[in-house]
Amino acid sequence: MQLEALYVAQPALTAQAPILAIAVPLIGACAAALAPSGRAGWMISVVAAMVSAWMALAVAGEVMREGVILYQLGGFAPPAGIALRVDAMGALIALLIGAVGTLAAVFSGHSLAAEVRPEKHTLFQAGFLLAQAGMVGLVYTGDAFNAFVFLEVSSIGTYALVAAGERRDRRALPAAFNYLIMGTIGATFYVIGVGFLYGATGTLNMADMAARLGTLDQNAAVQAGFAFIVAGLGVKAAMFPLHGWLPGAYAHGPSLISLFLAATATKAAIYLMARFLFEVFPDGAAFGDMFLQWVLAPLGAAAVIVCSLQAVFARELRRMIAFSSVAQVGFIFLGFSLANASGLSAALFYMTAHGLMKAAMFMALGGLAISIGARRLEDFAGVAREAPWTAVAFGIGAASLVGTPLTMGFLAKWQIMEAALAGGRIWIFAVMAAGSVLTLVYVGRIIEVMFFREPAPGAPRAKESPVGVLVPLLILAGLSLWFGIDASLPQQLAQAGAASLFEVRP
Amino acid sequence: MSWIATHFNYVVVVILMMAGLFIVFSSGNLIKRMIGLALFQSSTALFYISFGKVSGGTAAITLDAQGAEGQALAAQLDPAYVAQFGVEGVVYSNPLPHVLILTAIVVGVATLAVGLAIAVRVRESYGTVESDEIDAVSRVAAEQAEPAP
Amino acid sequence: MNGGELLILLALTLPLFAAAMIYAVGRMPDVRETLTLVACIGLAIVAISIFVRVGQGDPPALTVAEPLPGLAIAFRVEPLGALFAVMASVLWGVNSLFSIGYMRGRREARQTRFYICFALAMFGVMGIAFAANLFTLFLFYEALTFVTYPLVTHAGTPAARRAGRVYLVTLVGASVLLFLPGIIGVQSMAGSTTFTPGGLLNGRVDAAAGSVLLLLLVFGAAKAALMPLHGWLPSAMVAPAPVSALLHAVAVVKAGVFAVLKVSAYIFGPDLISTLPAATWILWMAAGSIVIASLVALTKDDLKTRLAWSTVSQLAYVTSAAMLPMASGLVAGGLHMVFHAVAKITLFMCAGAIYVATGANRVSEIGGLGRRMPWVFVAFLAASFAIVGLPPMAAMWSKFLLITASFGSGEWFTAAALIASSLLSLVFLMPVAFRALFSPAGDGAGGEFVRPGGTPVTSLVALCVTAAACVVLFVAVEPLADYLAPIAAVSFMETAP
Amino acid sequence: MTVERLADWLANTNPGFFILFAALFVPFARSNIVRALLLVGGPAVALVALINADGLSLNLSTLKILGYELVLYRPDSLSFVFGLAFIIASALVGIYSLHRRDAMQDSTAMLYAGAAVSAVFVGDLISLFIMWELTAIASVFQVLAPRSQDSVRAAMRYLVFQISSGLLVLAGVCMFVSATGQTQFALIAPSMAGLPVGVMDIAAPGAVLILAGFGIKAAFPMVHNWLQDAYPKTTETGAVVLSAFTTKLAVYALARYFAGLEWLIWIGAIMTVFPVFFAVIENDLRKVLAYSLNNQVGFMVCAVGIGTQLAVNGAAAHAFAHIMYKALLFMSMGAVLYRTGTTKATDLGGLHRTMPWTTLFCLVGAASISALPFFSGFVAKSMVMSASYADPALFVVWIMLLFASAGVLEHSGIKIPYFAFFGHDSGKRPQEAPFNMLMAMGLAAALCILIGVSPGWLYRFLPYEQVAREYLASDLWTAPHVLQQLQLLVFAMLAFMLLQWRKLYPAEAPGLILDVEWLWRRGWPMLTSALSAPMRQLGRWAGGQAGLINGMVGGLARQAFAPNGWASAKVPFSVTAVCSLAILGLVLAIALFR
């Protein structure tokens, strides 16, 4: 698929696409909050998310044609004005957020009824759109402080959304609270870091910041700023020992939120971290390399091994998959830590792959949760017989997670491993391989239970997911497969994104 | 000593920040944690504001140096200074940190509100806001859900 | 699309189509089984046409997709693959014939799933056989693992599930942990994974990197059951006999050794192999496998388990063949792959035939049974001779070539292991047939058959056909060897005395 | 197909193949006549083909396989005499077994014979190996034929020895071929003075292995026990079949490749001597014959080792004669077994009353094996003795052979007929043997006498015809020679009578005599039972390594990472939070103090 040839909107619309992708969900959020009924809220949500995704696609096409897009809000030029700045990396992540958000919105029509109190549906949709707007904004913005604002906009939305899971599982409440505390600490660290950088450079525009940092001698403020930013974003991105909030939030929140967060939230934070690591901190920032090599890589490896093992032994299915997400973040960080274009490109590709497959898996579980309120792994025994399509979609996601050939996950792992080998990091390569095997073990457990075990007598019978769930689910699964065979779309964006970042730092 | 004197604002920021974080980490009470968090965020606010202040600087108001307001401002300033730099060269305190932190405070308030709301829900659901007790209840629930292997 | 592409496409889609059709008519056993047989015949015809084309020097090729640059799903048939495909497809037919008798005779559950998985397994095998590069091979290799998993756990018992888990974890684990890294290594060293006559890596790697890659790729092909990655094979014997017969004698394990042979012939090439210290290490491991597995087989009373251990030993023959720094070793390996398949499928079908007729599955239970099931045990006897490698059974030739090649390359211990294993195979296989045929009537001989009428006729025909094939191939070895010669031709002239 | 082409085809096809071919149809022969036709007709066609081969032209019929040239038919004077003997034996065996219908025994016996004949005529190592193994496989069914637990076990032991022999040959051949690329014996073993017997360089790669393989089949000392173990356990026809081919094929192979190898002289000499002692005390008469077979083969091996033209002639002649008279003796014992159900000396005696013909034929056989002049043994063994006597360095060997000759008389010449047909009367009054048996025995006996009386008939076929003629003309019938033999016989007979009279001759006593066989029959089970525990352990280890790893690693991991394990028990919130500070500090440290 040639992205350059992709014209999905009128040029006039395309020109405004970046801001529309943010604004439409934001406005939608307001509208949804005021919507007369849950049904109406849902429709607003679907439409807004869809428009946002559409705009993201238009942006992606534009980025491939034009390179970096600069969009000046209100026509004020940076550094005084606030700018949106989209490169291929941002376009890719925004596209992921848009796509998953749209499918999640469609999915919410059925899942909310089962999981969230009816009177909260409109507010829930509002929160959801807020989160989506925040994330897209975070990805598109070119301003370090704005990024914080968007980060918090999306986070505040998600805190509330996680808490909304209390109807089904009251553990959602303390989980949401922990998430809130950790998230806020992380965000505040980030703000402090930005403050230091601002103090040192006098600008908040990331591009300017990068340019000025290049001319500055290293000083304590820059170094402290770096430390605060990566630690803060590490919390948001669920970097290994800072991931404590994640399993609870994913496992106990409503399935809509699990799927949306798993696919996008950590990705957005990782995206921001990548931006700082490879774009803002320039050439001379040897501590950046040291951080990659001595902190990010070991922690990534630890995440891969430890959290995969935790997933192996977890008994609640969603918790298992949540642990798996932390482990997968470890894979992505391993890709980053290679600190070269192929590593970054592979990591970006991996983020996309992971977003799609995790979304599919959580969505499938959400679909099943409509009929069986199951949590434990054993409760899913034999669901493949009652709900074959859902189970198959889950299976495809799981296969992609393991890295089965012909799925996107395989290509993702392949690229990181090849990059690791090319970079001479044999140990990263080995950790990747070991992590894949552990992944295989826990995924194998799930598949065995779902497909090859008889349901326990007297257990509630699963039903096939309703069409409203099945369609987005199959689209997600299909994307995992399609990109496993023809990966040109995410591949081009990832490569272009990585290349543009490393042009800054040749 | 002189270092402390010149950097006293940072010292205060750090003390506030540590106090806030300590409360967040050590307290089991959800409300107290929220208070700690608020303290922590406040320290950030202080941090921003303090480095935005330039000693001797004025408020950052764009004005016409030749107009009446400009003349009024010039009258307040040290004539030697005006002679050297002109009215255009007047030192402003950077306004941007204030603007930023205003935003940050809004965000912080929103966070606080959500957090407290959740705490209320926790209290309704669990009957307590002590995290130890919540954990204990959750663990019991978890063990009921998951028989020992 | 030219004829060659069409043939490859047919070979790949026919089993898939068959699987779909079998699913559709699953409620009508007669139609279902007729369909299976028709598909077998069709596939065999396609495979043979491809075989002939390759022999005429017109190898079919097909590129399906290229997910990432340099990483294509592509097919290109060479002699070894053509032979493998013919072997697998023909034996699929034979085995289906056997399965019909067996599954009906045992009144097994989930028969439709059984036939579907078999057809899918053939899809995997065809892909493996025709793969043009390591990546494609890997793709179908994994597919084969997954579609055969339901067959291993067919019984659905806890033991079967445990075996299935071992099966999956070992096979997929090894391929993820070893094989895939090996492929990625090859890709990054050579910029491609295409099978190249004479060896893709030849001249591109030093001894250390080459050794690591060789170890990764050989042990990664855990289907070849080289110790210490052999544990899945004996434990997979909980599966029904036809599964053991086709998969654990032919399709799956042969896919493993086939991969090893391909890697040896086309990724490394004999010239490179001869410089790699790892090849010698693997040879030692294989020699150990050969002897230890044979010794273990001696201690097993369960017939299929005993056969499985024998398979472990025999597969190590082929691995040894692939690792010998001698081009003729490759031909020996290719031949042994086929000859062993024919013999071992016979043995497993015999074991199944005994089980379906009498319910006996232990060596100690079959004394005197031969009087009532002469055909089965005569076939068993013939196949046992073939496993030992005695004339007039085809496997003699491959063993002869293999021992000659091991002496020729100075690896005397491989030859010693082969000799020792032959003797051990004799000791653990012969008594089975001898006791059944020549013991006075024992416990197992009295009473009625569990299944009235004993072994179903279709099953009987199947195993007699393969037993006869053991002998026929003895005479037909020369054309086969000629056919395979091109894979070794690159440096055959230098090493041949 | 014209007659010429048929004749041409016959002349160019290994005679053994006709027998092999005929054997394939035996199991399907429903009527007795067809079966008889096949059993006798196969060898008959083979005989015709062999004679048709005419002039022993080196007419190579070759087959290219796996890059090697297989010479399927390469007759020469050495193979001719062995082939002739095998074909005749095959026909005799066919006739002998006509009285009963056992398709399995008949067909495998014929396969066995066919393989042996083929082996003699093939011209390269690979074909030899194939036929070598075929004889092993086909012959084991003779041991299995009684269909008892005991015979199955014996068959396994027998097969292990036979296949070991084959595998050693295989290993040797492979080693040799890989080193030299040669397989044809004409090129491997350069013929001596243009004559067929060759010498393979014992130092050549693999030659020792080949020799060892041949040795097992020839029942060299210490590896001879498969013979005494298996032969007595066969049916009445089985021992006859077995006695004819296996060991003589080995002798042929030794003569073909290792003529003149000095080791063989001593091995052969020992082989002749030591079975005497066991034969004398053995109770089972067929086992006595088995020991004596061992002893007789010793003569041949010794002669091959001496390797002079005379000695090789002697070996060939002795093999020929031996096949006939040993078959005859086994046939007579087979008849006894068939009629009485036993061949134990303790249970027999006085059978001459009702089995006169059998007795007579047995006596002919006994006379032949004892080398009584005018019987076949004399004309053959004399050559061996003369050859050993001719070399003064081999005096000790000559003495050993002399002693063994006396021993042969003792146990085979006298003991067999005496205990079976005369001696103390067992009271058994069995019927005379069936006609077909008598006919086979009669033919064999006639041959024994024919050769004895008119040795020229045999000598014509010997490898070194000229030497044989000279020997016949100048040495064989000389008075000292004949007298010396007669003296030996008389003294041996006297000794037997004396011992018998003084009751010093070991009486027939039931029991099983174990020599080195102990090693295989007691030692092997002891070894295996001792090893079975470690082997099972090995099996458990090898089979359960997945389980082991699972158990160990899985256990540890479970302890750590299960939901309640130490590494993942609900981590207190504060820990995570402190971690964030720790990471911050770490990164800060890196940034500041790198």
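When the chains are written out, they are named A, B, C and D in that same order, and each has its own residue count from 1.
Keep in mind that, in the parts below, contacts are C-beta pairs under 8 Å (C-beta built on N, C-alpha and C of every residue); 3 or more make two chains touch, one makes a residue touch a chain.
Quick caveat: nothing in here was measured; it's all calculated off a predicted structure.
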Compute the centre of every chain as the mean of its C-alpha atoms, then state which one is farthest from the centre of chain C. B
Between A-C and C-D, the pair joined by more C-beta contacts: C-D
In whole angstrom, how far does the Cα centroid of chain C sit from the Cα centroid of chain D? 37
Averaging over Cα atoms per chain, report the distance between chain A and chain C in Å. 44
So the centre of each chain is just the mean of its C-alpha atoms; given that, what is the distance between chain B and chain D in Å? 102
Report the inter-centroid distance (CA atoms only) between chain B and chain C in whole Å. 70
Multi-partner residues of chain D (each touching 2 or more other chains): 558, 562-563, 573, 577
Which positions in chain B are in touch with at least two other chains? 21, 24, 131, 135, 146, 149
Residue numbers of chain C (touch at least two other chains): 169
Interchain pairs in contact, sorted by label: A-B, A-C, A-D, B-D, C-D
For a test of understanding, state which residues of chain B touch chain D in their complex under the given definition. 21, 24-26, 131, 135, 139, 142, 146, 149
Residue ranges of chain C in contact with chain A within the complex: 65, 67-68, 71, 73, 135, 138-139, 142-143, 146, 150, 153, 156, 161, 164-165, 168-169, 172-173, 176-178, 180-181, 184-185, 187-188
Interfacial residue positions of chain A with respect to chain D in the complex: 178, 181-182, 185-186, 189, 220, 223-224, 226-228, 230-231, 234-235, 239, 241-245, 286-287, 290-291, 294-295, 299, 306, 309-310, 312-315
Which residues of chain A touch chain B in their complex? 145, 148-149, 152-153, 155-156, 159-160, 163, 166, 170-171, 173-174, 176-177, 180-181, 184-185, 187-188, 191-192, 195, 198-199, 204, 315-316, 375-376
Which of the residues in chain D come into contact with chain A in the complex? 557-558, 560-563, 565, 567-568, 571, 573, 575-577, 579-580, 582-584, 586-588, 590-592, 594
